[in-house]
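What follows is chain A paired twice: with chain B in the first complex and chain C in the second.
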Partner chain A sequence: MRPFVPLVAVLVFGCVLNANGAFFEWQTHRAVLREISVGGILASGMTVVIVSGGIDLAVGSVLALSAVSFAWLTLLHGLPGFFALPLVLLVGAAAGALSGVLVAWPRMQPFIVTLAMMVFARGLAKELSGGQKISTYVQDPSGAFRSVPLPAVFEALDGRVLGGNVSVVTLVFLGSAFVTWVILERLRVGRYLFAVGGNFEAARLSGVPVHFTLIFAYVLSGICAALAGICQAAQETHGDPETGLGYELDAIAMVVLGGTSLMGGRGGVALTVIGALTLGYLEKVLSLNAYSSELRLMLTGVILVLAVLFQRRFGRESA
Partner chain B sequence: MHARDFGRRLAFVLVLGGCHEKASAPAPGASPAATTSTAGGGPVAAGERKLVIGVSQCNLGEPWRVQMNADLKTAARKHPNVTLVFKDAQNDSLRQRAQVEELAAAHVDVLVISPKEAAPLTKPVAEVFHQKIPVIVLDRAVDGDEFTTFVGADNQRIGREAGKLVRELAGARANIVELEGLMTSTPGQDRHKGFREGLDLANHPGLELVFEADMAWLEPNARKEMESALAAHRKIDVVYAHNDPGAHGAYLAAKAAGREHEMKFVGIDALPQEGVRYVKDGILDATFAYPTGGAEAIALALELAAGKTVPHHVTLGTRLYTKANVDQGGEAIQ
Partner chain C sequence: MGERLPHGEPRLELVELSKTFAETRALDRVSFDVRPGEVHVVAGENGAGKSTLIRVIAGAVTDYTGELRLDGRAVRFANPAAASAHGVATIHQELSLVPALSIADNFELTRAASPFAPRDRRRASAAAAAALARLELALEPAVLVETLSVAERQLVEIARALAGNVRVLVMDEPTSALFERDVDRLLSLVERLARDGIGVVYVSHRLEEIFRVATRISVLRDGRRVFTRPAGEVTRDELVSGLVGKAASSPPVPRVRAPRAVRLRVRGFGCDTPSRVPFDGLEFELGVGELVGVAGVDGSGASTLLHVLFGAARHTHGEVTLDGEPYSASGPRAAFARGVALLASDRHESVLGELSVLANATLSSLGAFSRAGVVDRAAERAAVAPASSRMRVKAPSLDAAAFALSGGNQQKVALLRCLLSKPRLLVLDDPTRGIDVAARADVHELLREVAASGTTILFRSTDLAELAALSDRVLVLARGRHTATLARGELDDARLLSAMMGGAA
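And then the complex of A and B:
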């Protein structure tokens, strides 16, 4: 029940400061669920990496690289969505695999490896896009601009289903969280991940394929980052090489707020969903009331610390 | 937009290496203090002598600055004797200072600099100026007057024009939303201050500013803030954002709520592939150009190389783009 306490506290906070009743309207909650989706997809992958005892700082940049790649394929080269989607997921998987291999064999620090990948992927995104957004207004090699229609896949991803009540990206988020849950809780590789994160040497000696497990974690995080990038591009209607700056920190905050241990070996993705909701609602309450950005930053910092402190104090397993 | 300080990113900047296109190797062992007289000396006709212009750009992380470099290149291409040497300081004042010294050591004929911030770059710029290398300061200022000429637009004036336009669009009674750029940056403060002057709420009691929020120049943030504004207010008539991506984000939020036809959207910057195109597509109702000064800088550099004197301060005008005039290239506001 513990992870729910900060969330409930934030919801109560929202009911009190309801901005003339805006907090009680469904569109506000629909908006929160949409706004946390990109961060939540990143956090799903991040949970797996953190459970394995690592960290993935590259997700924000891989998100940008994927958004640019997706826009480059669909807008600039007119590739249909069903073809571009798997290609972009492959880009994310490749970036993750590269980080994973460097963490697994030379046993480099995940912090350093993914920091390097973060810088590299950002550079690649800028190179691919020429430093500009790739939008529906594309430049031909001759230098002339022409408008292309927004592909259906963009409209579909930024659309809503179930009578306009749920954003499609929210479903993508819940889907990634569910897949991650199955991996961590129901598959053998999930047990390996917890084992490797808990004690690498012990896991290796008891026959866990430690290298494969580590690479698996970073590949999954890369795929999640690519998926988040596709959602970001669809929502912005272009591929922006500067997008997703600092998103890795939001994703880490969502994971930690849920109660997953940064030391590895303990946690779960259900907790991450709660963490994402807590952060999303906190932002929404502060935004609805149009508090100044200075106050918002300070309040967010204070509430994050209080939430984690609370979990440690009342938790059976301290985070 | 020109002091977008992505603080969180700075923590990681330490690992970034310096990278620049077409970097000319500085003369080994050349002392930055060495007095040379490559340029600014006797009158030399432009077009005959080779002219190397060093460009120190504070950061290429924003489309507007990419556009500035593109404008410089386009203008320079018309003069085959001009060579541009670009350096990108990646939003780091000390790196920019080192790059200014490198350009001086390489004996460029003219230095064009768009400084990240005034204080740390005033002295390096003054040193180059005293080496008799003409210095053109673009967009952001340095302190004092130890440079040849400053070229820049006036954010507060553009904000004021935006305020007047919003007042016209609003009519007698209206609810207005302001989505602000980073309010710790000078452009954000000026675009805000000018806007309020132009809007003149004190003398127009029918106008109400119902929602304002800092979206830090970022489109996803603008969309989030606009969703809050839409939830909290049943009637919104005009949205003013400090840059075009912000106005576009607000439009997307209104469209998702099915309310985009209820209100008008005004932005600033008017990059050709961004704001101007949004106006053409009917997404924005108006945008104001924030000129880069790239073309003007090259023209001034050529005049300086020819030994002419140039004004110490050049203020660039703005252009208003609306649906009515966008196909004619907008309308200049003097």
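And then the complex of A and C:
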């Protein structure tokens, strides 16, 4: 029950202030759900990495690289969406695999490996896009500019379903959270992830495929980052090499706020969804009630600390 | 043995101490006193409340009810530092030295001084040297702790605890990682400290040890004090039945076995890994269903042998066959694939504290409990529940995190994990280190059953009584060489010890 307490507190706060009733309208909630979706997709992958005892600082940059790649393939080269989508996911998986291999075999610290990947992927995104946003207004090899129509996949991902009540990106977020949940809670590799994060040496001596498990975690996080990047590109209708700056920290905040331990081996993606909702609603309640953005940042920092302090588990002693 | 009960005012008094954790009552109105010059042994099974008691005295548990009195004055330690400032020194089972620092630096860590006080390396080094000399330890203060053996670290830890002005010394199974000669040295030291007027609280499982050092014995069971009596008035059977709560069981029946097929054959086997104690020229065979002990002091290569068999096969030479096929495991996974399982001696390497009992138990055999990568949780539960109750694992539930269990029960869970992988060869590194009499008896019984069902067991032990009680044969290693093999009939302490020290059997 404890992970719910900060969320309920924020919701009660929202109901009390309620911004002249705006808090009670569905579109407010729809907006919150849409706003947390890209971060939530990143946080789903991040949860897996953190459970494995690591951290993935590269997700914001991989998101940008993926957004740029997606725009580059579809807008600049006119590739159909169903073809571009798996290719971009592959880009994310490759970035994750590279981080994972470095963490698994030379046993480099995840913080350093993914810090390097964060810088590298950002550079690659800028290289690929020539430092410019890749939009529907594209330049031909001949130098002439022309406008291309926005592909259907962009509109589909930025749209709404269920009578306009739910954004598509929200479904993508919930879908990735569900897939991650299945992996962590139902699959063998999920058990291995908890084991490796909880006690690497004991896991290794128990015959757990520790290297595969570590690489798997970063590949999954890379794929989630690519998916988030595609959604980001669809929402912005272009591929921006500067997008996603600092998103890795938001994702980590969502994971931690849920109660997943940064030490590894304990937590879950359901907690992360709660963490994402808490952060999203906090931001929305404060902005609805006209708190300045400066104050919002400061309050978010304070509340993050309070929530994690509150959740810390006691009673690890045994008789 | 303490023949006279020291008189005088108690050094330390425990009055009606109680402590309840979330679900369990760890201590229930426990009272006794410790007088200067006394070695007060506290005995109890795992889960009896000994660890909690120690943590209360050491200032690590503060939300208890009841009272602690030190030299007649009520005290309540806010934290461990407050306890040591009052002259209450505690030596925990888990070593608290920082491996990357030198011995002298570790000594300095516990000195109460301002964090900004200038460091006097020469004085620190001299102080450490003096404390080491007091225990007759031939170690340089400048040596890094990570280069020391477990036994040496334990002794350094004790030396450090004694460096201050100590009135009460609490020791939690200080000999669990030590070999006989170090045990003897330690026990003499404990007796000497008591004579100097320190009140010693000594927690132990080992009966010989208890009767050797105890002035008085307090037995705890299920958080309650069963009795406190002068050691001279307690018989062995009384102590054991006090611990277990029932009459002591009879010793095991010797096993007689027909000759059996060879499971593991080792020829000219050697290892010279830079990071481990080397061994060479090993020749032996293990039969199907045989229970074989490996004896050897620190530095004999016995521990290396177990690890090499399990899957650190680099830097080895010679010939090893398992059931007639060449065997060389490049890692734990490869070893498991060939039906070889290892239980590590260090519980931090064998138990995953954050994971549930269930997840711990099935971790090595998860493939058998899953289809297409999906874990069949019902099948897991169906396999683990009866096995864990047969092994008498005491756990709140199978879903409880392993760290909530007592040490002996954690060890049983780790052993269960090995067994569920259905090993042909089970390698155990000191399987009952630091677990109590009852749990040890359970583990022994279980290992005999496992061997009887056809699994070959090779185990190392630091406990001579265990080697004698459990083994069909004992291989003795000394300085990396196989110096003797003792059969079941010839296993006695004297023979074992002389072989381990490198003499003839």
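To be clear about the criterion, the second predicted complex is superposed on the first by the 312 of 319 C-alpha atoms of A that agree within 3 Å, B and C clash if a C-alpha of one lies under 4 Å from a C-alpha of the other, contacts with A are read in each partner's own complex, and residues count from 1 in each chain.
Here, a contact is a pair of C-beta atoms (placed from the backbone, for glycine too) under 8 Å apart; a residue touches a chain by one contact, two chains touch by 3 or more.
As the structure is a prediction and not an experimental result, all values here were calculated from the model.
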item	value
Simultaneous placement of chain C and chain B on chain A, clash or fit	fit
Superposed arrangement, angle subtended at the Cα centre of chain A by chain B and chain C, nearest 10 degrees	130
Partner chain(s) touched by A:S287 [first = chain B, second = chain C, both, neither]	first
Dominant toucher of chain A (residue count), chain B or chain C	B
Touched partner set for A:A233, first chain B, second chain C, both or neither	neither
Chain B versus chain C as contact partner of A:L245, first or second or both or neither	first
Partner chain(s) touched by A:M254 [first = chain B, second = chain C, both, neither]	neither
First (chain B), second (chain C), both or neither touched by A:L187	second
Which superposed partner A:M118 touches (first chain B, second chain C, both, neither)	first
Distance of closest approach, chain C and chain B, by C-alpha atoms in Å	28
Doubly contacted chain A residues - partners chain C and chain B	none
Chain A-facing residues of chain B, complex	6, 8-9, 12, 15-16, 60-63, 66, 183, 211-214, 216, 219-220, 223-225, 227-228, 230-232, 249, 252, 256-257, 272-274, 277, 281
Contact set on chain A toward chain B in their complex	19-20, 22, 25, 27-28, 31, 35, 57, 115-116, 118-119, 126, 130-133, 135, 137, 139, 145, 147, 158, 160, 232, 235-237, 240, 242-243, 245-246, 249, 283-284, 287-288, 290, 292-293
Contact set on chain A toward chain C in their complex	186-192, 194-195, 197-199, 201-209, 261, 265-266, 315-319
Complex contact set, residues of chain C against chain A	21-22, 24, 26, 47, 49, 51-52, 55, 61, 223, 310, 331-333, 335-337, 341-342, 344, 348-355, 359, 362-364, 366-367, 370, 373-375, 403-406, 417, 421
